[in-house]
Structure formats: C-alpha cells, structure tokens
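The following pair of complexes shares a single chain, subunit A, combined with subunit B in the former and subunit C in the latter.
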Partner chain A sequence: MYLLSFLTRRLFQGAVVLLIVTFAIFTLLRIVPGDPARLIVGGMAPDEVVVQKAEELGLNDPIPIQFVRYLGDLVRGDLGNSFFRPKSGATVGAAAFDDPTRDDRAEVLTLILETIPLTLQLAGLAVVFALIMSFPLGVAAGLNPGKWQDKLAFFTGSLFVSIPNFWLGIVLAQVFSVNLGILPSLGYKGFEYTILPAVVLAIGISPFIIRTLSVSIAQVMQEEFITVAPLRGLRRSRIVGAHAIRNASIPLLNLFGIQLGALLGVLLVVELIFDYPGLGRLTINAVLQRDFPIIQGVAVFISAIFVFINIAVDLAASYIDPRLEY
Partner chain B sequence: MSKTASPIETTEAGIVTEALRTPAQRMLRQAWASSSFRLGFGIFLLLLFGALVFPEISSIDPTKMNIKGRFIPPLFLGDNWSWAHPLGTDHLGRDLLLRCLVGLRYSVLIGIGTVTLMFTVGCALGLVSGFKGKLTDTIIMRITDAQLSIPMIILAITILGISRPTAPAIILVLGLAGWPLYARVARSAALSEKSKEYIRGQRVLGASDLRIIILFVAPAVLPPIAFVAVLDVAAIMIFESILGFIGLGIQPPTPTFGNIIADGRKYLINYWWIATMPGVFLLFTLTSLNLMGSAMENARNKVLRGGA
Partner chain C sequence: MRDKDTILLIQDLTVGLANDPSAKILDRIGFELSAGKVLGLIGEAGSGKTVLARAIVKGISDPLVYKSGKVVYRGEDMLAVSSEKLVKIRGNSIGYIGSNPSGSLDPTLPVGNQIVEKLRSVNPSLSEKEATERVLEVLAAVRIPSPEVRFHEYPFQFSGGMMQRVMIVDALVTNPAVLIADNITQALDVTVAAQIIRLIKELRDQFSTAILFISSSLPVAEMIADEILVLQQGRVVEKATPEKLIMSPQHDYTKSLLARLPRIWGPEVKAPTAIEASTLMSVDDVYRTYLVRKKNTFNGRNAVQAVRGITLDIREGENIGIVGESGCGKSTLTRLLAWLEIPEKGTICFGGRDLSELSWKELTKLRQSFQLLLQDPYSSLPARMPVGRIIAEGLLIHKVCKKSEVRGRVLAAMKEVGLDPSIENHLTVGLSAGQRQRINIARALVLKPKLMILDETLSALDQVEQSKLFELFEKLQKTHGFTYIFISHDMALVRKVCHRVAVMYLGRIVELADNQTLFQNPAHPYSRALLSAVPTLDDHPFKSEEYLLEGEPPSPVHIPNGCVFRSRCPVSIERCKTDDPRPTPLSHGSYVACHLVVESAVDHAKILENSV
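Now for the complex of A and B:
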C-alpha cells in the first residue's frame, strides 16, 4: 500500500516534470535559427516549395498550438519522422527537393528503439567493468583511511577522471585493433565489438564510484553500529560485507541518479569514436545534420528515462535502507 | 564566520590560532598541507606559464603552414627531428608544441569562464531559494529539477551546431546548461546557515534579506563550494575538447585540443604523435586540476567534520 501510494505520487510528479521538460525542449528547438521547411526541401528548392512545406507542417502556427499538436502525436507514440533518413536505414543527406524518397522518411521512434538495445548493452557492460575496477579500490580505501590503499585509490581516481575519454578511445583502438589485432573497434558485428567502448566508458565512470565508495565506507565505519558489531560476535568480513557496504551503497545509488547527465556525454562521444551504432551515434549524427525531429525525440525520450531512473533509484534506496522514507 | 575580510586575530602572544581562522582559510591550509595539492598546483602553474608566455615570444606562428616540414617527429624520436619543433609538426607542417599551448589557452579560458558562469547563476539562485524559502524556493527548485532531467548536453551541442561556435558562445551555452547542481548545493548550504544565531541577529537588527545574503550568507557558504568547483573546470575542459573533436568547438585554423586530435586521428598509423601530444597535454592539465580539486574536497570534508 505504501509502495503503491509512493509510485502513484512519484509517477504523477514525473509526468508533470516531463510535460515541462518537453515544452522546454520543444520551444528551445523552435527558437534556434534554421528553418525546418528549408532544411527538409533542401537548399536548391524554390521559395514556393519552402512556403508550401512550412504550411504543410504547420510551422506557421503559434508555438503553443504546434506544441499541443506535438503532444497529441507524442501520447500516440509518434515522435515524428526524420528529415533526412529514409526507412531503408542509409543516411542520404540532403537530397534534391523533388526526390521521390523524400516522403519515405524513417520514424524517429523506430530509429530510437532500434538503437537503444545496443546502447543498453554497452552501458550495462561498462557499469559491470567499472564496478569490477572500482569496488576493491574503493572499499580498501574506505577501510584504511590515510594508508597506502587510500592514496592508491585517490591517485587512480584522479588519473582516470583526467583522461580525456575520446582520446583514450582513439589510443586504445589503435593499440588493440590496429597494432595487436586482438579486439575489433569499428562498427558492430557481434558482442566483441562492445568490449573496447565499454572499457573506455568504464574508465570514465569508475572515478566517481571509487571516490563515493571510499568516502562513504570511511564514514560508515565510524558509526556506532559498526564499532559495536565485533561485540555482537560478528566476523570482520561480515561486518564489512553485510553492514558497511550495504550502507555505503546508498550514496552510490544517489550518485548514479545525479551523474546520469554526465554519463550521457561520455556515452555520446564513445559511440562516435567507435562508430558504435547506438543511441549516441544516432544523436551526434542528427546534431551534425540538424535533423531536428531526431534531436527532439531523443531529448524527450532520454528525459523520460532520467525521470524513470530517478524514481527507480529512490525505490532501490528505500529497499536497501528501510529507514529512508519514500 | 562573518569576518572574512578582516585581518586574522591573534592571541595575546601574537600567535595566530587555528580556531580564529575562517573555515575557508583552514580549508586552504589543510589542502596546501597535502603533497598532491602542491604537485597539482605546480604542474598547473608551469603549464599556464608556458601557455601564456611561450606563444608570445616564439618566432613561429601556430597556424603557419610549412609543406616542406610536414610530419617532423618529436625530439625524443628518430633522426629526422629538429630543435625548432620539439614536439614535431603536423600534416601541414605546423608546430605542435605551439598549437598545444595555444589550445591550452582556449581550454583553460573556456573551463574557467564556464564554471564561473555556472557558479554565479547557480549559487545566486540557490542562495535566494534556500534563504527565502516558501514559494520562491518551490519555483526555483522545480526549475532546477526540470532542467536536471533534460539531457542538456544534447541541446547544448545542437545550439552550438547551429550558431557559430566562438569562445563566448561556448561559455554561455555550457554555463547555462550546468548551473542546476550549484543551485542545489548552495541552497542546502544556505538552509543550514540561515538558522544560525548571527543571521537571526542581523534580522532583528533590521537588515534586508538581500543585505544578509550578500554580506553574511554568501561569504560563509560559497568558498567551500568554489574550492570544489576546480573539479568542474577539468570536466568542462574535457567537454570543450570533445566539442572541438566533433567540429563544434572553436573553429580552425585556431588550434584547440579537440581539433588537433581530430586532424591527427587521420594520420594515427604512421604519425601517431600528432593526435597523442595534445592528449598528453590535456591529460597533464586535467590531472593537475583534479589533484588540486580532490585535495580541496578532502580538506573541506575534514574541516566541516571538525577534524582540523
């Protein structure tokens, strides 16, 4: 019952935030310079064609009316059609205005749904790698504040956070694919194509995990329930494993919710470097081509994911620590 | 707490005691005591000095092409090197050391400029929100929440892709995209500060809200936030190089880390140093900033917990 009221309340709040966010994204992309009608028909089209296209798309209506129309499409699951991408999948760029394939543009929702599994696979593997790398370091540092483990974690974290990830991607691709020939690095033809990008992404994530873990474990270890635990006859491994880490994982979860935006930035560029056909590459290419429906669709879609993940994070936190209120 | 501007008081014997320093001063001393802070500070000063001075006194122009002097390797490599180009030259015969140093200038400029803007906007809104409370607080915090759920990175690169990306445009766009986290931190700090005795005293004396915020709350609350902002300067510098790499940063022929790496990537197999050098420069700069920032973060945590 508790859970149900929490979910209804948060989902309702989330819906309101999403509405505001959608309006903000919509308005922002409408007021930036660049005439969508002109973009669609191409630079060579006569002015009448541009005017006609603008009328057809309803671009002459006031922004609130356009927004309501967009919302109407949105709730029916229609995020619009790409300006440039045909349904066949290939990018054609700006073709002539009388090109017959013009009307046959890929749906934004389809494009997103096609790319999202690969991106989730990449992000998931990266999180696994990052946890494997940072858990031992972070926990050891938190248990030995001021000792060499702490310093090691500090310097590893400082170094990892200082590596420009796109540059690391280029270097790793050169070393592992070109020089050593161990791992593929361009495109996607199988699971092994995910490994190198995931490593780069993991190195981008791990400093935050190391830092949060070491600080919060060091804090938890000072708490009374930990210092009296040996008196209860608990072994050290159990104190650390069951009590310290469990309590320290809540800041980690919250961090995850907050750092999503930063993660997204790394994801975009990593996918671009490795030509990984996920959501990030789709987005960057759309930005470079000024394919507004895709940019808008992706932005709204990702906002929805952000809102949803933050609800899930709170839910998970209260599951780990029942004292937390919903 | 409120006496940031006044000279440090001393005991009868004339010795400055730790207890009489402001928390901000104690944090700086604590940070300075750590070797990682001093190491980072030293590297950063050295790099900054190089970036500011060397391009001015050098006889070559970082954008001057020299087709005969293409792909000269760095000093430590091979026989074909020359003292004129210690880090070698790129595919157009331009000196890499100079290009990296000029790139560093823009990188630091955009990093510091953006964080200053984020800090100013975010902290101003956060302080007002936390101090005023009620409706003001609700409105500002809902805007903050909403903006935190927008993938601002996508919108930022979209705007930069459409407008001509100059240094002020990049600072403006990134700064306006990044303020909400500062608003949250400043708000919670202001919340805990406003219930303190001396603030309530000011209220009784009839000081206006604005006066209390500017003269008392801000000086007490902002320095710790500003110290840790060094970490964000590093993060923004990475982002600036990403922008340059995908062609949405400051436009060539002005060298930036991002566009040098993008150029060098095409010649990676035979002339690997072109893309590697700016990366190493960036790595050193970011490491120095992160060492300083993390040391200050540690110092802040210690002082706030009452350890020092």
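Now for the complex of A and C:
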C-alpha cells in the first residue's frame, strides 16, 4: 500500500516536472538564433524551398501551438524525425541540397534507443569502478578519522577532483592504447571499448563518493547504537559491515541521485573524446548541427531518466531506513 | 576478602586521559558484585558514572585510558583477556543497559532481528529459529504486549519505556551473571520509570543476577539497591546500606547531596497555597488536532488529538503548574497558550480579550504581555548574536522605546536577572546553562510581560542552579507581579513552586487542584498514580504497590470510548466504559474528571486518617 501511494504520488510529481522541463527546452530551442528550415534544405537552396520547408514542418506557427503538437506526438511515442540524419545512419552534409523526403530521416526515438544501451553500459560500469575505488578508501577514512587512512582518502579525492577529464582521457588513451596496446580507445566494437571511458568517468565521480562516505561513516560511528554495540556483544566486523555501512549508505544514495546530473555532463565530454557512439556523442553532433528534434528528444529523455532514478533512490532509501517518507 | 558469591570484583580501577597524565576520571575504584544482589551507585552529572559503567566492560575509548586496576570476572581479569575471550564474556555473561534506550539500537532494522543478531553473535551455536524463540520468550517475560508483532517493529515505533524493556531483553536474553544498568530510568517518565524498576526487581529474583544499578538520583537507587556507593569526582566517598546512608551519612558530600534533595511530603514542607485573584488568562474548551500522514495507506491521514477540550483559568499573580507524562499534550497546550498555534475549537482570552478576534497588529502588541521561556537553553539562543543584542531583540521588534533607550533597558534587565553587564557584547559560547536561561528571562523581561509561560524551563539545570533561578522568579514576581505557568514533569519542582496544579492525561486536564489538596488528597486515580511513582525519600502517602499503573497511555490517534484512563485505572467501574467523565467542579475552582470522584475522595480521606 505504501508502495502504491508512493509511486502514484511521485510519478505524478515526476510527470509535472517533465512537462515543465519539456516546455522550457522546447521554448529555448525556438528562440535561439538560426533558422532550422534553412539548415535542413541547405545553404544553397532557393528561398521558396526554405519557406515551403518551414511551412511543412509547422515552424511558422506560434510556439504554444507547436508545443502542444509536440506533446501530442510525445504521448504517441513519436519524438519526431531528425532534421539531417537519414535512416542509413550517415550524417548528411549541412550545406548539401539533396532534399530527401522527411520520411527518410531517422526517427529520434530510434536514434536514442540505439545509443542509450551503450551509454547506460558506460555509466553503469563507471559507477561500479567508482564504488570499487571509493568504498575501501571512504570506509577506512570514516573508521579512522584523523589517521593516515583519512589523509589518504582526502589526498586521493583532491587529486581526482583536480584532474581535467578530457586531459585524463587523452593520457589514458595514449598510454593504454598507443604505448601499451592493451585497451582500445576509439569507437565501439565490443565490451573492452567501454573500459577506458568508464575509468575516466569513475575518477570524476569517486571524490564525491569518498568524501560523502567518509563523513557519513565517521558520523554514524559516533552514534550511540554503534558505540554501545560492542558492549552488547557484537563483533567489530558485524558492527561496521551490517550497521555502520547500512546507515551511512543513505546520504550516499541521495548524493547519487544528485550527482547523476554531473555524471551526464562528464559523459558528453568523455564520449566525444573516445568517439564512443552513445547518447553523448549523438547529442553533441545534434547541437553542432542544430538538429532540434534530437536535442529536444535527448533532453526530454535525460530528464525522464533523472526523475525516475531519483524516485528509485528515494524508494531505496525508504526501504533501508523505514523512518524516511517521501 | 572475597566471599564465594562474588561474581565480579573491581580492584583499584583508575581511568585517566591519554593526553593528560595527571587527570583521573576514575580514581582507585574498588567494589564487588554478588549474585542476586543490587549494588547502587549514585553521583551527579560528571562524577564518572558512565565512564565507570563502560570501564568495567572494557568499553572505554580514546581519549580515556586505563591507568591501573583489575576487573575480575570469575577469576579472570577482563582488562587482560584476549579479544576473542572478551567477546564471549561481554554481552553474554555481563549485560549492559544504557540510559538512552531510543538510541541504543540501529534505527533501520527491526528490534527482534537485532536481539537475535546479538544472541547469535555471543552464542553462535544457536540456530536462527532457536534464537528467535528465545527472544520472543524473554520479550513476553518483560511484559511487552503482543511480542510476536513487536518483534518485527522498528525502534522508532516504540515509546521510551517500551524501548527500555526491549533493551532489558537485549541484556537478559543470554542469562547474564552480571547486569550493568547505567541510569536506565533517566529518560523515562516517572510512572514508566517506576514500572522499569519494579521489573528489574522481579528479574533479579528470577534470574539471581548481580546488578550494578547506576543512577543520578538517590531516591531511585534507594528503591532497589541493597547497598549504595556514592561517587564524587571519580572517587567512591561512601558505601553503606540505603537506610544507613540516609539516616546517618558519614561523608560531607553525601550529607550535602541529601540536604539538596527536594522535599515533597512531610511536616516541614511548606506548599504555596492558592490565592483568590482576578482571571488573567482564560482557556475555554480548546481543541487541537494534528493530521499526520499514515504510512501503509493510500493518502491516509491520522488525526492526532493532542489537546481535547481544556478549560483553565489562570489567576493574576499565581504560579500554576501543568504536569503530565510525555505525549499527554503539555507541549501543544504550551504552544496554544503562547498563541503559536491557534486552537481549532474553543477560545483563549488574555486580559478579557479573545485572542482569535484581534487583528494582527493588536496581537503583536499584546504578545509583549505573555512570553514563552523554552526548555533547552542551548538551542533557544542564536549562537552568533551578542548577548545584549539577543535581549534587545524584543524591544526592537515591538518598538517599545527609542533606539537610544534600548541599551539602558537591556543593561537594567541584565542586572535584574543577575547577569554581569560586561558580557553584553560577548557571544553565548561558553556560558553555562544557568546563565543562558537568565538571558532568556532577560529577553522576556525587557518587554514587561504579565504572564510567563515556562516550558520545562528549569529541567535542564542542576539542583543548585534551579533553586537560584527559582529565587529569581520569586523576586521578579514580587517586583513586577508576574504570573507564571510552569509546564513540567518534575513533581518536586511543582510541589515547591506552584499555587495550583493541573494534571493532564491524554489531551485533557483530569484534575485541577491547589497544591496541598493535590499532593495530600488527590481526587483522580491518575493523580494518585503519578504521585505514587515520584521517587522520594520522604514518607510516601501513596505506596507504589497500591497505586502504580501498568501499561502506557492509549495512543492519541485512537482515543477509546468512555473514560480514557479506564485502561490503566485500578478502580474503574462499568460506567467508565461508556461515559466520558466531564470535569466536576469542587471547591475553590478545582475540578476533577472522574465518575468515582465522590466515593474515591471519601475513601481516600479514610486511608489518610488510618495512616496518621
């Protein structure tokens, strides 16, 4: 019953958030300079063709009407078609005037669904790497505040947070792909292509995990139920493993929900550097070409993921700590 | 000499600080615990009680260090054994219960599972099922209602008293030979504390456990201990049986401790008598209900009926006490009286004006006349504001005087409450609780109020500070004609200070009487129970065997039919099941809400006659 009530309430809130986000993205893209009709038909096209194209795409209608039409399409699962990308997958040169019919353009939803598994794989692997790196450091630091473990965690965190990710990406590619030849770093032909970009991402997020974990573990260790546990007869391993980490994981979960946004930002850069064919590369190319349907689709998609992951995080937190209610 | 019943022997135990070789938190402590005996240990805050409790089970950590001594359990020095062996003794043969039951278990896991976890940690040979059965058995033994259900509940779903029972189960589930009870009644209401002490007594007889009962209150320790140690600044200054300790204390410290105990009953107790005066504030049938989201339902709300029809007249220049246990609605009533909350039904008039009919501007002006003083002197003062500015705040908000006069008034108020004017520009950091409360009083005083609402204002202070502040209150009352409302759970304080006392139970006043009547001849069975549970060395007119309550108040969400006290009342009759007793007026503006009021008052008079 709690679950049903929780999901109904939160999904409704999430839908409202998405609606607002969608409207903001839609409006912003319409008021930035640059004529999409001109872009589609190409710089060399005659003006009549541009006017005709604009009419065809409904670009001359008032923005609210365009928005309602877009929402209607969204509900039907139609995110529109790319302005430039044909179904074949190759990018059309922006200046060419080859005028393929609109149906031949790739559907945004298809483009997103093609790239999203790769991005999720990259993000997931990055989170796993980050947790593997951060947990021992963060927990050890939290258990020994002020001692060398704490300092080690602090220095590692400071170091990682100061490394620019584009630079690290290039260096790792140079070392592991060019010099040592162990790992590939360009494009995607198999799972091993995910490893290097995931390491770069993981180094970007691990300082936050280390910091949160060490602070919250140190805090939990001061709580009465922890200090009194050895007197009750519990062993140290059990106290830390079953109780301290459990209680310290709630701030970590919350952090994860918030850090997701930052993770997506880094993801764009990292995918571009490694030419990783994920959502990030799709987005950057779309932005460079002013491919509005794709930008819009990706933005809506990402905000939906953001909303849902935060719902999942809150749900998980309230399962760990039943006092919490959202 | 070790006698053969000795289970735990503490010798020459000295604990100091790692970074200060001369500091001694515990100084050469020595005593022994024997089977089936309760050794009491009393001492004031800071005397080293908790450090001792933890030092015995090798539970102290940085910066505390052992300097010397032994803790011998059945011939083995606990401080020297390997950690493997320690795990087998601690929590298994030596149980420990702390003073904060609500914080003692992981808040995110059901209590039953955590006790099973503990039991299996010290006794790995038990299967999950056997351990669960054992835990359920002990849960039932300490009279926790429906143990199978409560096994699966989380710590936050337990009241303080029930949680302390859970912690007793946690300590006793392994059948320990020694039990260390560190101030276990401190956080509990008096009736619940009395229940817990009675429970410990029963368990001692049942399990023949050796108990170290640590308490900050001599009357509490006296109820249960066979012998009492007095701890002062880490040193045992006296050891005697309770009778001897009370009748003929040897050490000066014990004498001063006894002298400072507040008296409640006895020929030399002078209770304030009620005064007849015009009404300053009148509370007429006020209600306040809170809606709280109900978990496990779809959009459900629980109605918590915090205050359910309170009528009360506060007379000019009197001290009126409002007493009752946690959750009885005291704090909500405080907020209503201070008009921080608006009653959903009923009216509150101050000086003849209905507060709900005043405009916002008039209300702000009138607020100067009734001021609230809070319980916690630490969180009720802004940490980054100088003392003088804190006190001036009210003057600036209400613009009662010219800016140039503000400082003079602040300094005058500081002087009046006994604060050194030189701390005017200091921050509150480093000030004692007593000084902080004086700032609070000065902050209210500058506005020249008529009514002061004191919400547990004195309970955070020690006895000495308390009596000093009380003198201040008296002085202010004489010079300014203040009226005080004391909201408190401390019966001794109320006895000493208040002209009239209102007893609250589950959102209502069940009895309102003048001090002498309430303490000598209470009409309501709940008042008697409350009084019977007050720990005191005085000759108690209400024997706890006779009046002590079982169980806890019903939840304010599900108010039962009829009389709400019926479920715990020792004298309830058929009529109480259906009829909700309305307040019956007695003499001098007193009233009581009980069907048995006439009979019980008569009966009780007889009992008193017989006992004299």
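In this text, the second predicted complex is superposed on the first by the 318 of 326 C-alpha atoms of A that agree within 3 Å, B and C clash if a C-alpha of one lies under 4 Å from a C-alpha of the other, contacts with A are read in each partner's own complex, and residues count from 1 in each chain.
One rule holds in what follows: contacts are C-beta pairs under 8 Å (C-beta built on N, C-alpha and C of every residue); 3 or more make two chains touch, one makes a residue touch a chain.
If you're wondering where the values come from, they're calculated on a predicted model, not measured in any experiment.
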Inset, instruction - State whether A:Arg235 touches subunit B only (first), subunit C only (second), both chains, or neither. - result: second
Inset, instruction - For A:Leu180, decide between first (touching subunit B), second (touching subunit C), both and neither. - result: neither
Legend entry - Touched partner set for A:Val75, first subunit B, second subunit C, both or neither: neither
Inset, instruction - Scan A:Leu4 for contacts with subunit B and subunit C and give back first, second, both or neither. - result: second
Legend entry - Which partner, subunit B or subunit C, touches more subunit A residues: B
Inset, instruction - Figure out whether A:Ile31 sits in contact with subunit B (first) or subunit C (second), or with both, or with neither. - result: neither
Inset, instruction - Mind working out whether A:Asp321 is in touch with subunit B, subunit C, both or neither, as first, second, both or neither? - result: second
Legend entry - First, second, both or neither for A:Val215, with subunit B first and subunit C second: first
Legend entry - Of all residues in subunit C, those that touch subunit A in their complex: 54, 57, 59, 61, 87, 90-92, 96, 98, 100, 103-109, 117-118, 121-122, 154, 156, 170-171, 174, 293, 295-299
Inset, instruction - Can you check the complex and tell me which residues of subunit A touch subunit B? - result: 17-18, 20-21, 24-25, 28-29, 32-34, 154-155, 157-159, 161-167, 170-171, 174, 178, 211, 215, 258, 261-262, 264-265, 268-269, 272, 283-284, 287-288, 290, 295, 298-299, 302-303, 306-307, 310
Legend entry - Footprint of subunit A on subunit B - complex, ascending: 36, 142, 145-155, 157-159, 161-163, 181, 231, 234-235, 238-239, 241-242, 245-248, 257, 261, 265, 268-269, 272, 275-276, 278-279, 282-283, 286-287, 289-291, 294, 301
Legend entry - Partner subunit C, residues of subunit A touching it in the complex: 1-2, 4-5, 8-9, 223-225, 227-228, 230-235, 238, 242-243, 246-247, 320-323, 325
